[in-house]
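I have a structure I would like to understand better, so I am pasting it below and will then ask my questions one at a time.
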């Protein structure tokens, strides 16, 4: 038992509560608390990453109740990785938000902390009902963040987002119910132990539950045709919030990877690799539809949203190959696409804040303040998002292309990934040229009067992009480590033993 | 909640801690009813709860309800209980056996002598619970009660009955 | 004997509930429907109490108590809504 | 009994889904409530049914129903309460902002979604209108 | 190391100019100059070794799993190209310093240029083909920036996008090709791949790999039919054109074909694909070039034509043709760069590049004219210049080549292309510099400063020198390069001006004659040309892109039309179909569990529930009614919970139910009370039918799944909870013990959800009080008549009595929750609703003045209390939320139990009360915002005591 | 003794059940809301009262577990039922303006409170005060 495991959940929860209790009216205090907490969270996540790197799965039995009876947190390499990713993105976004967004409505900082809490919980928990609870935490915090600052379109898009997810939550419960009814457990490791023994008579119920659960995760992961909520939500959310949301789709992907390798993987008997036939075609379709949307988008935010959908398609299709090699490639791409999408949304916000009433729409507007710098950041973010070299997107793309080579559907992957890359390139080039170059053709229009608040927003965007550079430069070691992540994931015995074994006899 | 921790609070100790002694007592009794068994510990908890709850909620009930006579209050309860049983039987007869058209439904107005809101409320409640009458509205100054009668061939008689049977008694309870 | 009485009680309460449903369906006024639901709550409370007797279990009573309390409050809320539009003003 | 519960779940689901697919936020909220009922009952049903066997330990008990689904349903009820509250208030805010309660974003979908019904609403009248009703009749 | 440094130096250099521009334009240019110079010096330092035939290699692992190495190798070919890139780059840097206007941001220009240069050097020095791909795509990106440098020009922006699109597409195809190639060869390093000719050419994947790689090469090198982007890239500043289109970018494709020549060439597929493409390109582009009036356009098509020439030579697949190709690359780079700069000078000084507006510049710009004449003659292939030499070699190879068994067609077409080449070259010279002086030049032309003409002059010197002394000036270089290209094939060739009377010489002569003839008869030839069809590639490309974008828009916005109804229909259909599909695809057997009898009252309740559902569906437009009717469904669900042994659930559900009703009614105050007519079934029966079908199918699915679950037996964890609840959790209400202990973590999350919900609601409502919504609210009036009685007396009195009672009940439910149905959550709702009743009775303002608790703080406190009980355990080195309990004895009070779970439940209680009150109170606060009334001072409006004074008066 | 108790319990149950049914029959049978109001508010109260009394007797007398919660429920119902009826009537009068004209006069200087504002300072006031304290 290592108390470090609970801290990624507990710290933001306590800080969030403290912010509500004590820092409601003091903006400076709230910011200080929030940043300190997020920095500390990053430190904790890194510590956990170091801890997990030894390849041992650690579990934390809440309330000292042994699994599968109590709720267990489990830390393996994958979970640790996601925690770090969340903290990095969170810190970047928070720094950006402190530039002024956080003051445009009430309770931004507590909601933000609770959002981090929910996401961390989803990564750590080893219990799939508890996963539901953390999904709800991250969702409800995201509802609040989504409509932060108000505005008709935003709130209406918020309603759509909430309603869709409420339907999703209902299905989550239904799926959990079916699985519990057949297996009698809520613990993922225990489920992995029981699923192979489920008799044929119960398979239909079990598999229906599992497929419905897959679809619920697919809603979060924006898989076609369950992705419809995303464009409206992300494009209308406040910039930093949309940037933070970049990790939320990954929660869906993470959950799929976690549950469908652990419990419905190689050893699952009749239910083995249950997710693959659903996930793969849907993933590829998502890729195509997403990147098509990039070309069709009417604003930078919308474009970034569709790029996120496309990247989720690529990610999930790669996951659906369900081999360690493909998964390690997918994970690299996951890290990359999260940070890239985050940066892109922040850049879109930098643009929107500077373009007056046009916001980030593709409509004629005068030159923006600090256009060169913003344009440069956009260029880098766009390179990352489209998977052009030299940034990590390209390496991620190569890894995926290489990683799916053994799949029977490799030709589809290659054709679609490469074609959609082109579409994305065309889309981003058009957008960038329109927003950053075309205004120079306008007759001597004065630059927008907008005076940005400070350097912090640039530091935030630059920081995220710098992470991408690091991810590129250290792609070798990172990927080598990700291969260990995948290897651990595909050898679930360690996870199962750690969860079901260690907590025994505490009481 | 709600309690002012004002050091200059002019209220006396009992006023502060037992703003509604009757309510406190009722709460203690109720607590013991809820527990369904007697224990000294339970009583202690009940007393503590009763005191705290009355104090905390007294902000919402600034006045003290002026109950003068406890025996008359219990007698009143008895009368009402009896009337309720009778009322039910009467209404049953009306519902089951009387053709709808033959009912002498009507509005009557009961002018009130009562002034205490608590007393008027009890009266209105009583009227509703008893034979074929429902108190439907109060005049804007609270001095007369609008009552709907299911079957009242004689309006004056109905009003008289209500005033005599209930209001007079209530006036003795709430001065 | 009590069992027969209980069966009778269940039957009448159930029938009463169905009649309430009829009133709920027919209306015609909104308040007729509110009244129907209000009465439904009463009948349900009775059902709960009878079930408590039948199952010889006391835990039903808290439920009955809360039904009574909350049924009343929601009726009042509807009425306030009709009277003032704003339930709390 | 099982048939009643199962069919009730089905009916509530169907009604809920039908309502959720309506064009205005209000029926959608109502539909979500129905869906929540269905879901909660479904989740409860995963532990199978029992009559007179509450999960309260006592010497007199003949048996106990599976308590775990109940705990799950409790959590689900509370969470969906919070969610319902948020969606209600968000719908309200959207209505105040855009002037209509259509669920669609104004744009390609529905011309109605772009209308501002709020403009048709009455302005604030003199509050004295509430007074001067019926008083004493001669 | 130095290899990597050669590649890195331009990149490092790229960082500086954008900063150094602050130190002035010359400083900026100098900085930009230094880095390539250093790189060139480093490169030349390696030259002796390369000339000795050594191959220098340097590699660092980058992504080992992928086989991606930062691997570089330097052989003749690499050195040759790197030298061209760096050398001509230096000239362009100097040239640009004088070319760019003051208003042009020079620092950015040099940064882009060096970025591009680095990418190009990277391409030619990469050993690892994945690394090569990285640099390859980087050239596309950096050239995008360069071509679009003049942001204000629409042609620049479009040209940049077109170049990026076409070359990017090719690059993507090449990625696939390279991955296949590497897979066949088993290595990603060129040094390994180049040794695997047999394996590669024997592989079934050879053709796909070849086609894909060639797609990359052809697009980059502007081969027909991908040639169209190049002329449009001419919108770039001339230094860019000179650099990209003479020496670098477009040569990247040629470089790669040359690089891969040893393993890919020599097959029939290679010959027909590459040679044919090259031939067609050479011919078509030369023809077009003749009729371009824009100097840069002419040069652009000429470039395309020459690229075709080299491609064709490489396609021939013979070692000698390869030598010719290499030689022509060198020669073309020299004369074409010189000509681009020359054209830039003309443009810069005369103010136009339109041939029709030029002429007679010989006297005005003698230096420029001289340079143009020498370089142009080389382009025309006139002796004794270097262009002549390599063209001769080309014609020589063409004569020897059979195409589909035909021995003369290649030679004939090549000669025809040469004719055009002569004609356009002379047109450049004659129509610009000869003829009568004009007086309508936009500027007064004169020779430029030396900085501008010296770079092309240097190149012209090379043109002549190579022409005269090919073997001594270029011989060793060509040899070493050719050895690299051909993989060390033994060749017998001799670079010389004079080879005797050969067929090639004859063809050359014909070309010169015909070409000059065509120029003489230019008007008639042009008229002929203009009579023919002119498929405009740009229009086709634009139409294609526009079509693609329109299709994308149609698909995207057609699907994502902002309609939640559609989105949900998709999602629900997906759930339903997937559910059925998954169920039907797997084995299933009916359950055998004994069924419970259906109680008659249960049947009645069932009828009520179904009736409620039906009524909800039928009356959905009447909103108050909807709430009421749904409430009845909820009531029946509660009843079911009670009957089916779930008292805690019933208590919770009923409490939540009433809180929800109040909440919805509060919101409904502002919302329309009736749904619009357009929502009715009659208005859109098909949609309702669709929804109805979907709903019924889903309902059947849920009912079926429920039935399947309810009718089967199974084991679960439950016995553990039942066994350990008392001993381990200290409570007899197992559900509560699960909630606060076994699965307390869920509950911790759950109250957090509720707290967050309240915060979100608060933020939403608070925000609505300001701005547009605030103004609307301020002007709002109720849409229904209001009763006069705001705070009815009877209600006030009743709530006064009921509040303490309800709170006591709440306390009771709270305290006994661990052992009997109840607990913190239900207690909290009871207390909240009792409080809300107080608000309802006497109004928000009145009640709020009497409640001194801050609900925000209460939420925070509640979460903290719950967390603290868990953290307390951590202090004792137990996991978070580990509970403890004990029985204690106090005098008088007696035996009682204390459990840490109670403290946890207190946290639950506080959070829930805070959350519910915050949400409801703030909703009603909105109502106050619209209300014209002041806060009432008395609890009730009708007060019989208060009115007495008035009565007397 | 047991028989007597059983009989008592059974009678109470039967009586309660009957009143439940009668109340609901009245609600269906009577012609308009104001008359319907009479049926359930009375009969059902006694109906539940009967059941509660039966329960009390049953548990106290037959099961030997003294249970007085029923008193609480009964008291609660007796407190709330008139209030519900009162409010339903008020709301109905408010909704149906045609009924207003059939009402008798109050006999006071003021009308019925549903329609007529109470004497006192319930006047619109300036913005700041009316929006009040919140948070």
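Note that the chains take the letters A, B, C, D, E and F in the order they are written out, and that residue 1 is the start of every chain.
Going forward, contacts are C-beta pairs under 8 Å (C-beta built on N, C-alpha and C of every residue); 3 or more make two chains touch, one makes a residue touch a chain.
If you're wondering where the values come from, they're calculated on a predicted model, not measured in any experiment.
With steps allowed only between chains in touch, the distance from chain B over to chain C comes to 2. Chains that touch both chain B and chain F are the following: E. Distance between Cα centroids is largest for the pairing of chain A with B.
One inter-chain figure worth recording: chain C and chain F are separated by 11 Å, centre to centre, where each centre is the mean of the chain's CA atoms.
Chain geometry summary: the mean Cα position of chain D and that of chain E are 39 Å apart. Distance from the chain E centre to the chain F centre is 65 Å, each centre being the mean of its Cα atoms. Chain A and chain F have CA centres that are 54 Å apart. Each of residues 129, 133, 136, 140, 143-144, 147, 150, 155, 159-160, 163, 167, 174, 177-178, 180-181, 186, 232 in chain A touches at least two other chains. Within chain D, contacts with two or more other chains are made by residues 20, 25, 28, 38, 40, 42, 45-48, 51-52, 54, 56, 68, 72, 75, 79, 82-83, 86, 90-91, 93, 97, 103, 105-106, 127, 130-131, 133. Annotation for chain B: residues 30, 34, 36, 124-125, 138-143 touch two or more other chains.
Those residues of chain F lying in contact with chain E across their complex are 76, 79-80, 83, 86-87, 90-91, 94, 109, 113-126, 129-135. Chain contact summary for the complex, chain E toward chain C: residues 599-601, 603-605, 607-608, 611-612, 615, 624-625, 628-629, 631-632, 635, 638-639, 642-643, 647, 650-651, 654-655, 657-658, 661-662, 665-666, 668-669, 782-784, 786-787, 789-790, 795, 802, 806, 809, 813, 820-822, 826, 830, 833, 836-837, 839-840, 843-844, 920-921, 923-924, 927-928, 931, 933.
Note for the complex: chain E touches chain B at residues 788-789, 792-794, 796-801, 803-805, 807-809, 811-812, 815, 838, 842, 847, 850-853, 890, 892-896, 939-940, 942-945, 947-948, 950-951. Contact residues of chain E toward chain A in the complex are 61-66, 68, 108, 130, 133-138, 140-141, 144-145, 148, 151-154, 157, 160-161, 164-165, 168-169, 172-173, 175-176, 179, 183, 545, 548-549, 552-553, 555-557, 559-560, 562, 564, 566-568, 570-575, 578-579, 581-589, 702, 705, 708-709, 712, 714-718, 720-721, 724, 728, 741-746, 748-750, 752-753, 755-757, 759-760, 762-764, 766-768, 771, 773, 856-857, 859-864, 867, 870-871, 873-874, 878-883.
For chain B in complex with chain F, the residues that touch the partner chain are 30, 33-34, 36-37, 84-85, 87-88, 91-92, 95-96, 100, 103, 105, 107-109, 111, 124-129, 132-144, 146, 148, 150.
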